[in-house]
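Chains here go by letter, A, B, C and D, matching the order in which they are written, and residues are numbered from 1 within each.
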Amino acid sequence: MLEEMKKRVYEANMDLPRYNLVKFTWGNVSEIDREKGLFVIKPSGVDYDKLKPEDMVVVDLEGNVVEGKYKPSSDTPTHVELYKAFEKIGGIVHTHSTWATSFAQAGKDIICYGTTHADSIYGTIPCSRNLTKEEIESAYELNTGKVIIETFKDRDYVATPAVLCKNHGSFAWGENAKKAVYNAVVLEEVAKMAVLTKIINNEVEEAPKSIQDKHYNRKHGKNAYYGNKVEV
Amino acid sequence: MLEEMKKRVYEANMDLPRYNLVKFTWGNVSEIDREKGLFVIKPSGVDYDKLKPEDMVVVDLEGNVVEGKYKPSSDTPTHVELYKAFEKIGGIVHTHSTWATSFAQAGKDIICYGTTHADSIYGTIPCSRNLTKEEIESAYELNTGKVIIETFKDRDYVATPAVLCKNHGSFAWGENAKKAVYNAVVLEEVAKMAVLTKIINNEVEEAPKSIQDKHYNRKHGKNAYYGNKVEV
Amino acid sequence: MLEEMKKRVYEANMDLPRYNLVKFTWGNVSEIDREKGLFVIKPSGVDYDKLKPEDMVVVDLEGNVVEGKYKPSSDTPTHVELYKAFEKIGGIVHTHSTWATSFAQAGKDIICYGTTHADSIYGTIPCSRNLTKEEIESAYELNTGKVIIETFKDRDYVATPAVLCKNHGSFAWGENAKKAVYNAVVLEEVAKMAVLTKIINNEVEEAPKSIQDKHYNRKHGKNAYYGNKVEV
Amino acid sequence: MLEEMKKRVYEANMDLPRYNLVKFTWGNVSEIDREKGLFVIKPSGVDYDKLKPEDMVVVDLEGNVVEGKYKPSSDTPTHVELYKAFEKIGGIVHTHSTWATSFAQAGKDIICYGTTHADSIYGTIPCSRNLTKEEIESAYELNTGKVIIETFKDRDYVATPAVLCKNHGSFAWGENAKKAVYNAVVLEEVAKMAVLTKIINNEVEEAPKSIQDKHYNRKHGKNAYYGNKVEV
């Protein structure tokens, strides 16, 4: 069932330690088949060096396991909420990558200071509000998803495919699992650069809107002219 | 004697350079057999690239070498004190990992700013007091153990399995050698994140108690629901 | 056509991830044949792990593709402008390397604080002005080149072979592609050291002119005495 | 001639990129045969990936090349001065390692904040004064040596085997080439920790003398009890 997708999701999960985004099992990637209404996600708490494509778990949009010998990631209810609300996305990744997580712990948005950010993520990467005690104690992972969705109620989740979860970590997404991981790498790198930029110049302001627009649009949308027709 | 444990302790010691927690011989891991009252520890000052499982040293709870061609780690008396006082632990690791050691040198506790910390270590990671001149000059390594124990007199050493030794380095522990090393990796990562978090937001406060409790409890205790029944 | 140069440019491009100057496809290197008036450059947006020497694109000094199955790097018009204005250079590299890019985002020059910098790059590494909205919207990459040239109107581009592009990234150059990458490595390292130097001593001033001159001149010019006659 | 020493010096030079202390050719190691009054040093400006044991250059204590097809390191006169003044040392290393060099650029000593430092280097690691314009322009590398010696006129160069050269880089030394590199690794690590320690606690003070003495003496001198009789 969804064997090709399992391989892709497996590879995307293995990219997390490759790109130095996770230690141990501290991350998970999923990808959805919109027609079937099913997504494939990493099992919970299995070491990366033991993980195999066939260990991936198939889950439906109510969070039920449809196939798989393992329990799915404990963050599965967050993935469910995001897939239901963000209908144009095809893949989701959660990590505790060092610099992005430090922004999440600090409770600060990541301002766009340059084109490395603007090339892939449009505008400020928001940090969500804290969950309330009730939200945490009732259905924590589901409510994590709801608070992310709330954070994007006046934002374009396609143009800004990443969020910081207060005191926790980050989620990023994209048209498929691989692109979601790509965005998580961008997120971590621009988080690091944002810290360094502020250290170098404490008075620094957001990059001018015109250069943000230029770089985002030369890679995205109908007038994009960056890249060749080879796979991302 | 204790051949399987020697292999495990050897592997756990080799994990220290793998996880970038030590340079040269600046660390040591041990594991205890509670029934026999014996523990296995790395020899003192032997290069990691020359270390073999059979080089591990067997020591009793009075610090006597029971088997082994080498002297045990010079920190052996600290391990003895900790095994005697912390009866529920099965493995201990000592490192000079960069970020945790910087907290130890700064004489500051590591506050819990997020779930990366709360997932594995409950609450603040304490920094011990300085040893007195007398404690240093009489039985330094033994007194290092005693001061750690004093630091935990009103703390739960199972829930908070790590400590910073003032001006020195860190000790972490767990149910076995491997889990102790896991906790040392967590310690180093949350130390790094804590520095970055404060740089990003100098006014940052401890994460809310509710999210700390949630993350710690979803991985520990009788209501834990994280992970699958595969080895950690 | 230019097969040897394609191999060199390919190798120089592959050095970017090797020296940790780029992630994904975020960089490009070119080298020029001054007699033929043609340069070889990386194709746009092709993954480094799929790149082959024969994928390199040959471009003339009006920016026309002379040979190649792929589109050249989207930054090609910047390379064209620099080759036309800086007649003594033979290779150009563009990256978003972390520390140099953070200076570019901060809009700050990199002061020469020591001999690591002075050995390879004479004096301050300038940060260009922002492009105007009009410059961005009309011919962005060409105007990026023009603004770099403007930044060097009172500077010696041979002695100072690097520039920071405001809110963007960096360009470095040299007598060939390999030397351009060498200078990009120096740029990234001295950017990192400059941040750390200021953290250690916020009052620090530029290194004395005499030591800057000494180190630059012992490696460059007719009285150079550093190195052996083996290839750089 | 001195074939075994050439191999050791070659290996010690290759350790510089292995321990991430240098980029390109920015470092050099030498070792001396005190009976013969000759030392072996890396050739100048030869890439590490092309270096071979037989490329090492043999030099006498007046700085004359006794054997070798290449010019010796341009820093050879500094090595000569140090070997002549510091009669108990057997190996010297020069690097531009990132964190130590940042202290040199900042013109600040490295205070001893903990046992990682005290285990190998006794007390403060001094930063030398600037060379005068005359010292730079006449015999720069020789005067670099003289200024280091001046920096140690009231210090014990055996107990404190490292120095920061203002606006430049560092030298470290030891009983042989390998031990000199070991001390250079320690220097870089304690430089990094010292920066982080100050960031964590801006009021931090030097570690108590008693713990510095304890750690230094448990590894050095006639009452040392650290380590086993296997090679360092």
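The criterion applied here is as follows: contacts are C-beta pairs under 8 Å (C-beta built on N, C-alpha and C of every residue); 3 or more make two chains touch, one makes a residue touch a chain.
The structure displayed is predicted, hence computed values, not measured ones.
Participant: Going by the stated contact rule, which chains contact subunit B and subunit C alike?
Facilitator: Neighbours common to subunit B and subunit C are A, D.
Participant: Are the interface residues of subunit A and subunit C largely the same numbers on each copy, more than half shared, or largely different?
Facilitator: Mostly different residues form this interface, as fewer than half of the numbers used are common to both chains.
Participant: Superimpose the Cα atoms of subunit B on the matching ones in subunit D and note the rotation angle, 0 to 180, in steps of 5 degrees.
Facilitator: About 90 degrees of rotation relates the two copies.
Participant: Report the inter-centroid distance (CA atoms only) between subunit A and subunit B in whole Å.
Facilitator: Chain centroid spacing, subunit A to subunit B, equals 32 Å.
Participant: For subunit A and subunit D, let me know how many angstrom lie between their CA-based centres, rounded off.
Facilitator: Going by mean C-alpha positions, subunit A sits 46 Å from subunit D.
Participant: At which residue positions does subunit D touch at least two other chains?
Facilitator: 198-199
Participant: How is the touch graph of the chains shaped: line, ring, star, complete or other?
Facilitator: Shape of the chain contacts: a ring, since each chain touches exactly two and the loop closes.
Participant: Please give all chain pairs that are in touch with each other.
Facilitator: By the stated definition, chains touch in these pairs: A-B, A-C, B-D, C-D.
Participant: Going by the contact rule at the top, pick out the subunit A residues touching subunit C in the complex.
Facilitator: 113-116, 119, 182, 185, 189, 192-194, 196-201, 204, 207-208, 210-211, 214, 218, 225-228, 230-232
Participant: Per the contact definition, I'd like the list of subunit A residues that touch subunit B in the complex.
Facilitator: That would be residues 23-26, 43-47, 50, 70-71, 74, 96, 98-99, 101-108, 130-131, 133, 136-137, 140, 167-169, 195, 198-199 of subunit A.
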